[in-house]
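Below are two complexes that have chain A in common, paired first with chain B and then with chain C.
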Partner chain A sequence: MNSELFTLPFNLGLYFILIYSVVRSTVWFRNLSRSDKLRLQRGFFGRPFMDSLREISMESLLHLKIFRKNPVLGYMHMSLAFGWFLLIVFGTIEADFFGEKHLNPPSHAIFFRWFNPDHGAEGFAGIYSFWMDLLLAFILSGLLLAIIKRFTPRLMGMKKTTKHTWTDRIALTSLWLIFPSRLLAESFTCGVHGSGSFLTGNLGNALASFLPAADIAPWFWWLYSLSLGTFFFLLPVSRYFHIPVELFLIFMRNSGISTGDRHSSYTEVQTHACSSCGVCISTCQMSYAAGIHDIQSAYFIKGLRNDRDIAGITANCLMCGRCEEVCPVGIELGPMRLIERRQGERSDRTLKLQEKYSLMRRRSTLERRPTQSYRYLVREEPEKADVLFFAGCMTHLTPSVIVAMKKIMDSAGVRYRFMDENGGVCCGRPLMLAGRDREARELINHNSDVIWKSGAQILVTSCPICYKVFRESYYLEARVMHHSEFINLLIEEGSLRLGYLHKKVVYHDPCELGRGSGIYEEPRAVISYVAELQSSEQERNMSLCCGGSLGNLTLSSGKRAMIAADAARTLTLGLPDELITACPLCKKTFVQATETKVSDIAELVAAALPAPRRENAKKRPARRHSRATSNG
Partner chain B sequence: MSIAQSNKFGFTINRSRLIDYDSSDRKVREFITLKEPSFRLCFACGGCTATCTAGQHTSFNLRRMNTYIRRGEIEPLREEVKRCMLCGKCLLVCPRGVNTRNVVAAAADAIGKLERNEL
Partner chain C sequence: MKTTSAHIVVAGGGVAGMEAAGTLAEMGYRVTMIEKDDEPGGHLLQWHALFPDRRPADEVRNYLRKHIEQRNLSIITGTTVEKIRHHGSGVLVSLSGGTEEKADAVIVATGFDLFDARRKEEYGYGIYDNVITSAELEGMFNRGRVAKADGSVPARIGLIHCVGSRDEKVNNNHCSKVCCVTAVKQAIEIRKMLPSCEVFCFYMDMRMYGPYYEELYRESQEFHNVNFIRGKVSEASVNINNRLVIKVEDTLAGRPLKMELDIMVLMVGMEMAGAGMKLAESSGMKRGINRFLETADHHYGNNLSGIKGIFYAGTCTAPMNITDTISHARAAVAETVRYLNSR
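After this line comes the complex of A and B, so read on.
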């Protein structure tokens, strides 16, 4: 019974994966930029390390985030990850405590029962065996759920699980086999020796009563070792590689590394850290509202991981950011897509198996060259102003918003200059979203020049798309404010006198303003000041995209309308009098999708302005007079 | 009608509408229609041109660009396509639901491919 040959597959696999992990993380580290390297080194000796440990135990072991979203799914992940972790820890302690000697090789802990078949019949050892059986049962219950999920995803509250490659399938099978084979191997051995606790003991006795347990046991020990070994060998090329990589990602993120604007070790780590959990798939409006099921972030990341041609997937996304909000791994999906949009073409090929093991992927891309050029733009000499108002291209298509903003600013006595009154230059964000950053730079430089020369302290814009790019990609002295923030400021300063409109309204958070720039409270404060604000089913960071997004270059108008209709339906469930938004593009999109009146927040506020009575009384007859004469 | 007569009627005021099939290159049009099928829906109303952001600063004209594409006139297209800012105003005014931004992007890609001899 003391043959140890069966531990060979396990040992080979274990040492392979350990060495591979060390080498690969070293390569990743070496490929980081100098500043990121410093961040990581500093992080290792400081708080980030402790934070990472906490996050690893909360997320990678306990999976609390998934748990909160979907308890059954959370339990499944938790039982497998946390259960396995405990089994290893307590198994090691068990081997150290009850084994022949201290400091055993890992295989002695993993195959403890084989080496100590009589262990744990009574006393403290018996209680310990009970505990180990309990852990095994915990894991097996999670495994059962995983198998159910694989075959009936709907039961687990998921709309769609991701498709697997054949390496995934073998890895999955070996993962599934690990714990049942351990159960059977231990049971047969316990059956022979009359040891074991409630699970292995009872099952062992039952099996040994009618089977030649002593002959069968070694087979299952072989199976156990083989499935462990296979799993370890396939780990780097299967989706389960995310398990070790996620630890690395958490540590990198806590050290302050972020995605940046080109592919790097960090994007590579992120692509491998995706667990293909599919949470992003069921969150995506493209999938459930527009019936497009192949562009979601899970597929995007998978295509990236396998170096496929994903230009179509990359382009066909609203860049709404909802998936990034729910991704339990915390992958920066938006910035990753933008990087990919900036790349040129990628030849479509299937990675060979050995390429999948390669330590740092070389991406087969062709640098995209600038296509647009705006040398025709003439430099302006703007007048000086304290407040500069930039309506934005989209706002020019909703002139009522401009009228409302003028009214509000006049009423508050703001001395402003209207920067793009006669049609300005685009802010550059649409070009960036299309992956044309260098071209966008030209527009940014042009606009920055005008803003600097005006000497403005505050730059107010009515369009969240402009707002985001002004804040993030312009170097300005002026404080950038979205008009909802600015109106809120005017109210707080007391320079706006507003009446109360007896209306129920619902507020739609525009993607670029809410998730994109983190402005949730100011618009709500403004609305609550003049009307009754209803809450809606999906709001704030989970707000829906209106479907009009400029982030998607390829989506057809029909599909856009489907998304808009679905979003408008959700928003107007509470039968509000008006649907309020803070983005001209959302307004234009929603107007066509719902019967409810759609207004911009500026229009709502302008409606609450008291009518200027005395002036009105004087002006009215004059106007009537002039109309009468012109008609006559 | 003699040339002298046609001059009298002002037929030479406009640039020739003659399509020269020898210099016409249909590959660009085919590439664009493949990438953005809604291109075919354009009925040259000019709504996009009236609202165009770039058009307020230069002589850029999306409707004319569409015509160049349709006629396969590559030389003028090369310059025209560079000027759009992809701002998306035209997308919102187009009565036919043409995905105008992607038409421009596809045209730019097509020109790039033509230069690399990949089309």
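After this line comes the complex of A and C, so read on.
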């Protein structure tokens, strides 16, 4: 019974997936930009390669990130990935060491027991068989959890799990069949030959005691081979393609490649690296606070992968970035969505199966939208100033912030000019978030011109949205500071005399300032200087979105109110006297959502200023900001 | 069965509460009216003159005051109704002092709160001196002098309609109904008091739905030179001369507009009263999406709560003017009497 015909499905599947992977990675590599190619080449011979190996073993095999978040879920992934990996490694060693000859084809390692049915009865081989059985048991325990998760996600601490396409279903079934069929195939063979260890041996003996084991065994070896083969063939068109692609993604990322602002091989790789694990779904406030369950990043990526019409999904997102923080694969979900927004509408079509196998997706690019003209913008000659204050359109809707900033800067003797006091030009960010870059560029050029001509060394803005765009999309000589950073600088320099307010306050990190720009410490330093700062359940990089996001133009105000109320509730759990934020939009949104007083950080600081004494204010010389101090 | 021995509690002593309590007392019922302020009268106490004919508010106030001066009507002021619950065949009304009133029925007339203009921060109320509300302007009329915060005479006043009404951003989709015609009335009064002061009304729609409202609107343009600009004010700031600068889009001319003002008057809308919301919460009375009390049927059961022995009167169910409030209160009395007679 040494017929090898049953190994055919496995062999075909294996060689198919190997060749497919090589060709597809080559195509991806060829389509990279010149600089990204160079990054990858350099990465291959340097640190990034070693870093990637480490990251692959930590995340792709051991799944430590998921493990830390949800130990049961982590164990499930770990047992399947790491267990399977060990089974292959030790299976290969086993075949090499105990088999008839060295350097066997892979099928000899995978189906080792079929070719060596008497192996492992005693001695070292027995211990080795025990180890192999243990690995199989390890994987099977994970598989059991996977089955439980699929049918009752709640038991695994998941609020929602993703929906599957039919190829996903077949691939999933074949994946599930691989290990039980291996167990049964090995057990029947061991039952016939009286070999095997604690798992296959005992089960084999039990089965052979009442079944014609020798006749049944080949069927299960066929099933084992078929399920492996089917899995390999369906891999590129199912969600499980993420397993090989993630390795490629890790290496690309470690080599310094990032998403950028257009479709590329990297976005393609990220699209396929999503495992649809659904962690983003339970993190999304749109889901748990507003009851919208079909627009989360997992569905966005899936729509992208299957070339569906996802304009609605793409637009309906707060762009808060919380999903990106928890994504175990590290996909740049925000930039990916922005790219898709730039694309505009896509006609809905279901991909044919052969299109899913195609190596580089041709995206049907769409009618170009007309560019707006901003020729009516007035070019003005600005006055010279050390510090330029740009309130931003949103801050003009919260005049209390402007009043507070004026008080603070006057009190510190800052020589500033209020750039948009009589109405300015938008920073460009809302247009960028809507995917209209060329229009945004016109505004950016206009503002840059004004800022350059003013000769200012510091540009202070009160709006985190403006702040992010000034930092990232403008080329400025001036140092860009959010007002929380600037106030912190004034405090550190000793230019501001402040009292202490006997108040408990909680701080809300605005998305664009915190996750968007990484400013967490300065606002906290400022607040702690004048009041008692409480911590909150969800803060810093996991801070909630206030619900007022400019990033979503389709969300109804009712849903926004639900998100705002939920966020405000979480923030005020410690019953603070005031809820402090550093963004005019967050302030405006929270005011409608909570009874607690909502203030901007500038208002809090202005309240801590000593009562103005005119003589003193006049005596103090106007302070100049030299570049040395502003950079220090 | 004649039931004039029945006792009825009226929660709220504004226009609706006074009218309902007075009418019930006239019919011989024993009535207790609970008022949260020190004196009954509600928002009407602040008003100088009433639309559409600009008659003195005192005339209506005096009518209501006389209406409640009755032997079988007692008034408890400085007190709110905390909770209403069933007790035997009637109800037990818990008051804020900790006392309780036994009654056969309750008429809820908790009224409205004026929208807190601070919630529309872009208009600068509470930040800039010369931004006031329509109620504060009425106070100036009462004192007989319309002036800026520094005491000087204004040369241009702007009236901003729909502040806190028809505004999704403050969770108020409803129209408060009375602000348009109030603005027209106040605009005329300003023009009569200060003939050299320009007056601009910034509106979304002019909702002149009542008798003689349209005539008043016409009069304001024909005889008083009040200017109407269709467009919503987006933001306000203060310039170097300490004058307010507003930005608005003139949607009829189709262009943005900037204007300097000496005083900006915010026509604040009506919201469900906070005290009424608490009472609804504790007593299981349903509220609509607009937060006002939801009546059993908005066509033919507009005074019914759906709860035995509890009836609604006035603006706790929706914004309405004084005429409609008085009619609604009388209808609540009719429903209450029908209920008492059928027990």
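As a working rule, the second predicted complex is superposed on the first by the 608 of 632 C-alpha atoms of A that agree within 3 Å, B and C clash if a C-alpha of one lies under 4 Å from a C-alpha of the other, contacts with A are read in each partner's own complex, and residues count from 1 in each chain.
By our rule, a contact is a pair of C-beta atoms (placed from the backbone, for glycine too) under 8 Å apart; a residue touches a chain by one contact, two chains touch by 3 or more.
In this text, all values refer to a predicted model and were calculated from it rather than measured experimentally.
When both complexes are superposed on chain A, chain B and chain C clash.
In the superposition on chain A, A:L5 contacts neither chain B nor chain C. In the superposed model, A:Q592 lies in contact with chain C only, and not with chain B. Look at A:A611: by the touch rule set out above, it reaches neither chain B nor chain C. By the touch criterion defined above, A:P399 reaches chain C but does not reach chain B. Touched residues of chain A were counted for both chain B and chain C, and B has more of them. Legend: residue contacts after superposition of the two complexes on their common chain; A:L103 is shown touching neither chain B nor chain C.
In the superposition on chain A, contact of A:L575 is made with neither chain B nor chain C.
When the two complexes are laid over each other on chain A, chain A has residues 396-397, 422-423, 557, 588 in contact with both chain B and chain C. Put simply, chain B touches chain A in their complex at residues 36, 38, 51, 53-54, 56-58, 81-89, 92-93, 97, 99, 101-102, 105, 108-109, 111-112. Within the complex formed with chain A, the chain C residues making contact are 119, 121-122, 124, 127-128, 168-171, 234-237, 239, 245, 247, 258. Residues 396-400, 402-403, 421-423, 557, 561, 587-588, 591-592 of chain A are the ones touching chain C in the complex. Across the interface of their complex, chain B is touched by residues 369, 371-374, 376-378, 393-394, 396-397, 422-426, 430-431, 434, 436, 443, 548, 550, 553-558, 585, 588 of chain A.
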